[in-house]
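Take a look at the following structure, please.
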């Protein structure tokens, strides 16, 4: 069907432009470092630690989004209620908040002198410069991705299936676990991956809350600004490869 | 009449005075737009030397950074224009704020739950100078092992890339104490503990004592290291050899080195300027832009 | 049994109002109404799947208005069967096992028995997405029956089926009702299904009941033109009361039973009750009108013959054989006879 | 339907936790600055310039995404082709690439010595430290949001409507402009807003490509790290307010 | 007219193979097949909306296999009407105006004329989302007719309609065909619609034509049990050839016409062709078998009577009147007569 009419030409042009626009810089990134550079980089414990921390914290963020976001996504998919539009807009807010502002806002809540900060401190929870703080930031930036994907997934499961399950004797939760969840599973997984992917990429909010321990994007930034391209690229490539591999694995394992 | 953009990289601790200078200078030269980027001095110098970013002017919190990183490949001269000293900053919210004095600060910093920090010694002179202060305190107060005990109570996450960032952490209650330059403490209305001249790195007369402090910092590339030796705090500034806008950059430096201009601003904001500014040798004096020569003297 | 009293259901943009109905133990009730009239919502409200604003619902044990769906004892079969696509046929059928106290062996025995009876034994291991329309509905029926519901709620069980499967499921429902004595309540928009299956019917339109009663009664004496049209009473003629009957287009039509006093009325007769005869040369018999055939359409199982006569256009449904025996073609003269006992006065 | 069963409790708990988690830091942000602070901040030309630049560059990014992304989104919604899954994954890539890496990758393409960089230089296009560079970065981070929203919007328009339009005499493009576009319009608008919102929030990639001219997030970061909360919060609040207002206006004007 | 030669269409997971058909100028053709048999895809391929892999399509002017849809001169009406929801009725109707050379006044005149004729003049300013099912279909028809198509392609035009509207549109299509001489090709899964409207029919299953021919021919002499069941020939009895006819369950059944030689055959008869008579005490007439009524279902316009007789179970469709005159109830004895001229031998 792709013939040489103006419509198809427009499609071909715009499609390839966008794909090239996304792929060219990344390919350039990936191709440039030499294999010895790559090997040396991954032997650097600081790099391994940063990539590990990135995976761990964004994974935690995704798990939190999964646990907290699933019921909310379900209700947004199933019910019409007053203020639903507002709730949906609030869920999307983290996407538009400038990243440094996210870090600043979370830090200013958690400090001594603020009631919430005092409560947290009393509970022994510290956000500044801690893994906890990183997870909180990453959850903040990642949660809209999970909720939106999960909502779309639940919307595709017909409410009638749950209704029938109820008339067959299932309680509300039982119907959810035995019918809705298995059917929406792939969307929830995709949402988790998107949430984790978004979290792994975050820099501006993290660098304010926690410079140390260093997540990979902070390490990459530091290496770039302090030493230049040559020392930051291999780290970036490793992070991208490791996370792509992980996402692929997740999809395959759960397929 | 100078015009165009002037890109200035400067130490984070110079942010407030340089912001004021930018305002005054741009008012006098409406055709010029000063574009400042502040950060740890070491890092800013490396952005020129290693990353290849361009800047017209680089002002460092340690004149040695310019000597080591930029001269001779990226710059030719280095004018010393101000000094400073290190102080321990805190706020009303800080734990034990009502107890701390010049005599017990190192005990308080060892207490459980006290959160204190400094900037990254690898990126920011204020960072390695903070560590030097701790080493000198060990010697001055004759408390062997003090340095290690203090560092043991300062987890790595309390280290930030540039010293002024710590101000926000103090003010939001996320940190109790932070090492800053005195000028920064004054500029941000912080309370601070003033230390003895033996350890505050503010008096060049104590350079022999300061010399006992040695801090290991990262080198040219990740993994390499080198040592920084204690010395009184001296700020340096230079114009890069391939500055895109040397005319306007020179005009700004003229303003900065003038008694009624930049040096006055520094003084007002709590930082002791060298009046007049100095270069260490006649050879360097000779290669200065001629319009700067009458504002600078040769002094070791 | 199921009984509903003065039920109100309010949803965004839609409301059911003042619904009362009763399907006694072992009866087959039907709700008929056009698309969007609220019949499916009513069924879901009875099953506890839509919030009830006012009114009460009872099953044979008592009031259940506030009980959750899983404790009402009603089975529900949707138009599209709503089989669980991630489970195979057998797993669909055994879905409810977890919620009963019966031993697994007992449940499996019952499943095998019902599967045999409804002819799906050979499908048990199949992926439900590979089933045909008729098979899908039979699986849904077995699944619903296995929980031994006191009432089976059927939401347009035949609408989604091709005609070939439709008849098969129709027979099946009839057998289930007659042989197992199951109480059923079906919603549909097709009056043929009601005629075939149900005993009691309610006509629903825009969330309200327009008429309810025995199926034959609603079909022969609709109480409004809307109901009349909806139950297939195609011939509706504007009429005014007169002595001996009513006046239609200036002609007296003899009727039986209480004539309506109001001027605003409609005379109705089902097309299968209209008789056609060869043109009558002599004096017309009672309620016989000369006319001519304007159109004939062959519908497979019947012929629709439109006749233009003195009263207006009248449609008669004949079997193809009857039409053949009449020996007339479009354009030919013919006599239309409206048997007085089949005529129905409807307030307009 | 929200009764006190365990399911509803879970929903209520998770929903309010997420909403509070998003809203609390932001409210804290918005409530803290005094009105005189706010007034003084907006009189600062640097602040006005940065917010203006943020709006302009992210607006440009959204327009570019709209122009280039619409045909691609349409094809992704309408056609099944070999490699479609790959194309969709590529479109999502910018979400997972660490923000500093995005900046680094784009810079390393545009640098002198690289063939593309030389071409750009010959054309007089500079990315480092220019508005152009910022727009390129923001387009990179924003384009997945537009394409995904537009694709979802096109998917909702039945292909049958286009088919009927064709049989009524419309060419492929005519059917697109007279049927598909008006029906998908709200989704395209929502996608544009999402793309612009995402672009406005970007910091890590921009700060590498262009510290100056300063977009608002960079200014906020700079003010926070150099002067503290008091000077960064009002800027953040102004940016958020201005962009919320703009998005609202866009929706109202085009409703 | 429309002619198709050896058409192949290949889509992911589905293929149409070797399709040939011809609908002459002014004729009414139909494609009938179960859900998923590929009938809608074929219609779209004819309209140029699905890529053709092999074969040719012609209209009255010549080959159009590679022409874009807008240059084929075919109108298309979908099951769901596919009105443009962002345009009101009038704007929908005038959508095509931009693509004609006619003056606006001329187009509007034609629109008014056709709207009048199809009874939608009062709807012109309405939002299309407020229309009823029947109104929607009529608007879609006028919209398609206004481009003066040489052939009108109808995709299940009646399926989405409630029974009340269905008949109305059925009549309308018949009138359009007869009065305007429009060439039409309709796809449907309902054989009643085919009987009523079409002249030629093709039965499609899994992307291939099983049988095509004149409607009466396909309906009375299906060439496979699948086609037989699909066109409503419910009575299918396994048979073997013998002298004088065929042998069914050990009984000789007399047939007319060429008996099939193969042993693997099925004897078919449509239920409306089966005759029922009161039980015959004397010698049975030709093809008459004693039996007893096992079930009767009333379908509104006809009664389906199932009779258990020596040949097996046979279903007869009678009009309610005929059934009444027969005077039998379930369980009663009855005589089944299979008129030899209605019997049909089908290869199994």
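Labels A, B, C, D and E are assigned to the chains in the order they are written; within every chain, residues are numbered from 1.
We adopt the following convention: a contact is a pair of C-beta atoms (placed from the backbone, for glycine too) under 8 Å apart; a residue touches a chain by one contact, two chains touch by 3 or more.
What you are looking at is a predicted structure, and each value in this text was computed from that prediction instead of being measured.
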**Q.** Partner chains that subunit D and subunit E have in common
**A.** none
Q) Taking each chain's centre as the mean of its Cα atoms, which chain lies farthest from subunit C? A) B
Q: Could you pull out the chain whose C-alpha mean position is farthest off from that of subunit E?
A: B
Q) subunit B to subunit C: how many Å between their CA centres? A) 89
Q: Indicate the whole-number Å distance between the mean C-alpha point of subunit A and the mean C-alpha point of subunit C.
A: 53
Q | Centroid spacing, where centroids are CA-atom means, of subunit C and subunit D in whole angstrom | A | 54
Q: Compute the distance, rounded to whole Å, between the mean C-alpha positions of subunit B and subunit D.
A: 38
Q) For subunit B, which residues are shared contacts with two or more other chains? A) 165, 168, 172
Q: Would you please write down the residue numbers of subunit D that are in contact with two or more other chains?
A: 1, 171-172, 224-225, 229
Q) Which residues of subunit E are in contact with two or more other chains? A) none
Q) All pairs of touching chains? A) A-B, A-C, A-D, B-D, C-E, D-E
(Q) Quick check on the complex: what are the subunit D residues that touch subunit A? (A) 1, 5-7, 10-11, 13-15, 17-19, 21-26, 28-29, 32, 67-72, 74-75, 79, 87, 90-102, 104-109, 114, 116, 139-140, 143, 145, 147, 171-173, 176, 194, 197-198, 200-204, 207-208, 216-217, 220-221, 224-225, 229, 232-233, 236, 239-240, 243-244, 247
Q: Mind listing the subunit D positions that touch subunit B in their complex?
A: 128, 211-212, 222, 224-230
Q.
Which stretch or stretches of subunit C touch subunit A in the complex?
A. 12, 44, 47-49, 68-70, 72, 74-76, 78, 80, 82, 84-86, 95-96, 98-100, 143-144, 147, 149, 153
Q. So in the complex, which bits of subunit C are touching subunit E?
A. 34-35, 133, 162-164, 167, 170-171, 174, 189-192, 195-196, 229-230, 232, 234, 272, 295, 297-302, 304, 317-322
Q. For subunit B, which residues are in contact with subunit A within the complex?
A. 39, 42-43, 46-47, 50-52, 93, 115, 120, 122-123, 155-161, 165, 168-169, 172-175, 220-223
